[in-house]
């Protein structure tokens, strides 16, 4: 263990301990002083829920009342994906296909589970309108399906920088933004859905977001995952 | 009724905590991963019980997601994280 | 709120805190990551207890699906060399290994 | 139609680069360039119109996104401060875009630059306009991720490590900020800044929230001693990125601090906080300058200069706390310094980037003959150096003038001493570059290569025009000074 | 806008415009550059003269032409008044002369675009200093001058030049900081300060804040004293002699150093006014100036390097002006202001000479001047005239100064100044006469004995003519001291106003 | 102490614990994990606050904010992990103060 | 407490016992291969009993169907995971435990 990373010096640890203890005291005081009876904005949300086009308050907040937050949040996601692509893309090595290595049991599992996951994703998307669920959760499940397929050897990392993938990654954001701006031409302000179309627009946005989030999560994994050859080359054994 | 169901939830939580000791003890990464796989099953059971106890049907969806993704970690582990050296060594320390 | 509910909450929180400490104190990366995956699961249970099924759903999907896979991949990427700092010794040299495992408990 | 368009200007300021960003992402390296050029050029008139709207209105304007009213919905706020910051963003953003056209000569490595760059500009605009504490969090994250990704773009070892360090600091800062937001919401039940200002009371939770938010933002602004991430990040990034990081990105988090401590609350909301920030600022001035004097690489020197210059921004908190807004306009001093530093520092980094391209390295000791080999660049560096020193007629001079006035008027003259000492130290580190620049070309650089690697003219001119803008700001800065106080309740009472 | 305002603005703006054009033309287009430079310098000369004329016409109601912009309550203003016009005309007209000289001097040098560009900025800043309407404008141009001079000092790029430049900055920048603090402090205390004959401080302020005003005065003098080369702040001036001759000539004999003394004059006469004496600030300053006179002269005596000797002479001569201004009697003030012009014409001649000699025959040291008069009669003739003028041989210009100063000192009851004058004159003679003696009466070196080669001028005429012109101007200032528009008469008028 | 209080305090505790871990643990994976736990702590505080209402259902706004926060955290975690792996590939160590194993490039960003 | 409740609780108890057994197995069994049994058999059975137990209270058949689906998915996941881990352990040359050693 001569080459081990040294533990932080004692002084740093002590200082960090003191700092954290101080924060601890501050935070406990602050947290306990939060009034018990606060109602926040819950009543306002409840009151306006009928205008939002959806029945589930969290979805209403996310995709209508504070949809601007969500728009920017998706931008963060797209941005992080571009970041990962740029970090991984300049990686000197290129992935080679690994399909022939696929474990039969694993690929059977992937083929069995993937359709279920897609279905579940659709279900969560649909459920989000009136119950917990929604674009992000649905997209996450979709993305998991993609990651599973990738792990089972069904993904070709070579396409991570292709145009098609870039389209899928950004399409949710683009549709969201297009609708956000588009409604401005209908006499509203940014992201102001006309009451009658609110439900439909939210659904369109959510659907495309689901697709994009799924694609993004898969890309995040594939683009940054190390090639299996590299792993094997380093250890000289393994599967 | 709720109290009884919560009691079962406590038991299941305890099984998870007991399982954590296997993660702690190892010794091989496979042992740790295996224990984590067990938490998934216990978690699903807990969620289903809580769905009943708290009368929140949405928790079954959570359980569904857990069930769907239960194998993910293990698969990722097998395909990506665990490729032991010739001697079957333990994973390296990070510090 | 029932006593079993209280017990559940306290157990859950206690485990969460203990896990947090263990994750950060753990020297073995892989172990830390597995503990973190368990942490994610317990966080999902905590969201459930706080009547936030939306968040539980997200935590389940993300924690079990993406974050776990990414972390495991990262750990796998970093464990080819036994020593965190490169040495002149060939990778996997026994001198740089602290713990040998043969599967025995 | 024109009226209708006018109403949407605040939204457009965000939307223009935000639309361009995914287009640039799809378009790839070659076509990303015209997209970025067009979008950043378009942002300038938008910013000017917003500034015009703010100054004609004379008060805060709001744009409620989604048509939902304030406590629930998210508002964009247009007042002097946000209009000023938008204006600076647009101008600096355009200049850096022009520079980048030459700098990133279609290298595959940098194919994602344009998308990241436009996302960064969009997120800065979103940040400067937002009137909602949680939305500010999302904006901050957007800025951070974009900035970090840009730092790591070159994929070089040092750049990657710098990006990582920056990333960790930025996320940590965001988490602190988010904790503060949680406490604010818990204590007051609103997220909108104006509503928050209305209900803000002396409350333990509120004070803790302010403290947490301040810590988070101090980390992101890289105020001493939380500056550790800045010099490596700003010096290892590609130069246009360094420019925008020092010019605008650190100002983004400072801007939120300013809003919070002078718009929502005031520096006395948490006792001692104003003084603490001021002391840290003063230390930053001295420490950053001394470090800048010791660096061996030009970009490190410029980066440490940023550490020092950030210190000046924070002097406004104690002065506003001591004197209040009306006695001495320390507030204007801080904002004006932010503006002029944005212009000058971006010029300086662009010049440093030109030096790097021209010389192939940026070791200070090897910069002999710079004035002959790249006279325009040298000029840009020198002129921006004048603003760093705070010498007339630069914008930095006006800022320092206001600071000194404020500190003498409020009897806290020691801040004036800090300001002047900082100027002298700045002269020291600027001279380290300028002096050898006038030396005869060093032995290894023969005059034969004077024309060998000539820089694209637009790159040098971009740097020079920013430096000149910083200089002219000192003489013709009155419109900016008038603009930035618009809609500020405390303004207009200068006796 | 009427013509005086146009002249005023043009006087300040033209040099900057010229600088921009020079930078834009770049290194290669030297003919166009020289043309632009000459054109700009000529235009500036006309403009300052016109501005001075407007001041002359409006001398009764002082503020004739003024223009400015406002930033907060920091007003940037320009104004052609009698006092400012003296300095403006000196700087503007001598720039034209120097430009001709410099084009000749620098004809084989590198980086000429940079040189002439910054030179123009320096002159513009000096004229801006002269015509500044208030302390803040003055300060702005003062700092611009500081910075723009630097590239000229280090022009040659040799290690010695860089060292000289560093010394210069080490003195000038802290001085700027002190000045800045003083200016802002005064602004806080007294509000905007417009230069006004008889003082600009609000009535009674000296009684309310005597301590603060004293500190401010010290800060201002500390800031201005560096350029004015007051002991102990003079160290940069000899070091800066590494600069090319035109720089030493115009800047280190005229523009930069005079900016310092001119600033002192402005502050003492037109900001503090009688309050300076009231607060007891004048006497220490006068004593310091007197000491500097003696000190500079003594140091000059022992220098063998001609430019160094001239530099120390400048140190001493500048303090004549300071001394005159602080003594606060009309005649003394007139002496100070007149010497501003007198010393400019005379000392620039001597620096020109030093440059020509160095360029033409490679002589830098006084000890190398043996018989140089034979080789370069015109040059050394002009030098001799200038030297005699500075020593104060009647009827040369220096004599006028000393006469007025002595009379003024008697008026103000400071008779000890006479002693200083006497000692200083002796010392002046002691360090200049040996040069004249060597040049004319020592056996020339062999190659010089026959004078300049037949059919050739003794040196590049672009250099010789200017120095002859300035020498003659210096001579005329002394001979025609009583004429209507002579510097001495002009200074008397100014002094009469200032001492109101 | 109510159930909510317990969870909120636990959130604060997680925040503090992982802050200590973040500062003292050198390995990047640890730092990334620490940040994740830290944001988990903040989310607990948020959701705890959402429960402090008179109505039976919790306040949906903090829930929405936490969901946004989770997405943001996932994004930055993914990017940070990609960076960490790249750093490991380049330097052979996943720490910030990696020693100079390879020739250090002459200049910084180009 | 109705008969239905008793039946439900009884099944839950059985399920819980299996879970406990599984956990004890994971902790106590000697090597990775034997511990896999605890995972794949005990826990999946336990989950099955829990689901049967919960089904008695289910408000609709859809809920029951969902729970059964979940059970199925968990079984598949457990089986696959067990196989993969065992395979990996074999590749890693982890020696199976024998009584003699």
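The letters A, B, C, D, E, F and G name the chains in turn, as written, and every chain counts its residues from 1.
One rule holds in what follows: a residue touches a chain if its C-beta (ideal position, glycine included) is under 8 Å from a C-beta of that chain, and two chains touch if they have at least 3 such contacts.
Because the structure is a prediction, the values reported are computed rather than measured.
Participant: Just tell me the minimum hop count from subunit C to subunit E, counting one hop per pair of touching chains.
Facilitator: The fewest touching-chain steps linking subunit C to subunit E number 3.
Participant: When the mean CA coordinate of each chain is compared with the mean CA coordinate of the whole protein, which chain is closest?
Facilitator: Per-chain C-alpha centroids compared to the overall one single out D.
Participant: In terms of C-beta pairs in contact, which of A-C and C-F ranks higher?
Facilitator: Taking the two pairs in turn, the one with more contacts turns out to be C-F.
Participant: Find the chain most remote from subunit A, comparing centres computed as mean CA coordinates.
Facilitator: The chain lying farthest from subunit A is E.
Participant: Need the CA-centroid distance for the pair subunit E / subunit F, whole Å please.
Facilitator: Distance between chain centres: 66 Å.
Participant: Centroid of subunit A to centroid of subunit B, CA atoms only: how many Å?
Facilitator: 22
Participant: Suppose each chain is reduced to the average of its Cα coordinates; what separation in Å results between subunit B and subunit G?
Facilitator: Here subunit B and subunit G have centroids separated by 11 Å.
Participant: By the touch rule stated above, which residues of subunit G touch at least two different other chains?
Facilitator: Residue numbers touching two or more other chains: 32, 35, 73, 76-77, 80, 84, 87-89, 91, 94.
Participant: I need the residues of subunit A touching at least two other chains; which ones are they?
Facilitator: Subunit A, residues with two or more chain partners: 1, 4-5, 7, 27, 31, 34-35, 38-41, 45, 58, 66, 69, 73, 76, 79-80, 83, 87, 91, 106, 109, 113, 116, 124, 132-133, 136-137, 141, 144, 147, 151, 217, 220, 224-226, 231, 235-239.
Participant: Residues touching two or more other chains, restricted to subunit B: which are they?
Facilitator: 4, 16, 28, 30-31, 33, 35, 40, 57-58, 61-62, 64-65, 68-72, 75-76, 78, 80, 82-86, 88, 93-95
Participant: Which part of subunit B faces subunit C closely enough to touch in the complex?
Facilitator: Touching subunit C from subunit B are residues 2-4, 6-7, 9-10, 13-14, 16-17, 20, 23-33, 35-36, 39-40, 43, 46-47, 50, 54, 56, 58-59, 61-62, 65-66, 69-70, 72-73, 76-77, 80-83, 85-95.
Participant: Flag every residue of subunit A that touches subunit G in the complex, lowest number first.
Facilitator: 103, 105-106, 108-109, 112-113, 116, 237-239
Participant: If we count contacts the way the header does, which residues on subunit A are in touch with subunit F in the complex?
Facilitator: 5-8, 12-13, 16-17, 19-21, 23-24, 27-28, 31-32, 34-43, 45-46, 57-58, 60-62, 66, 69-70, 73-74, 76-77, 79-81, 83-84, 87-88, 91, 136, 217, 220, 223-224, 226
Participant: Subunit B touches which residues of subunit A in the complex?
Facilitator: 1, 4-5, 7, 106, 109, 113, 116-117, 120, 123-124, 127, 131-133, 137, 141, 144, 147-148, 151-152, 225-226, 228, 231-232, 235-239
Participant: Would you mind writing out the residues of subunit G in touch with subunit A in their complex?
Facilitator: 73, 76-77, 80, 83-84, 87-88, 91
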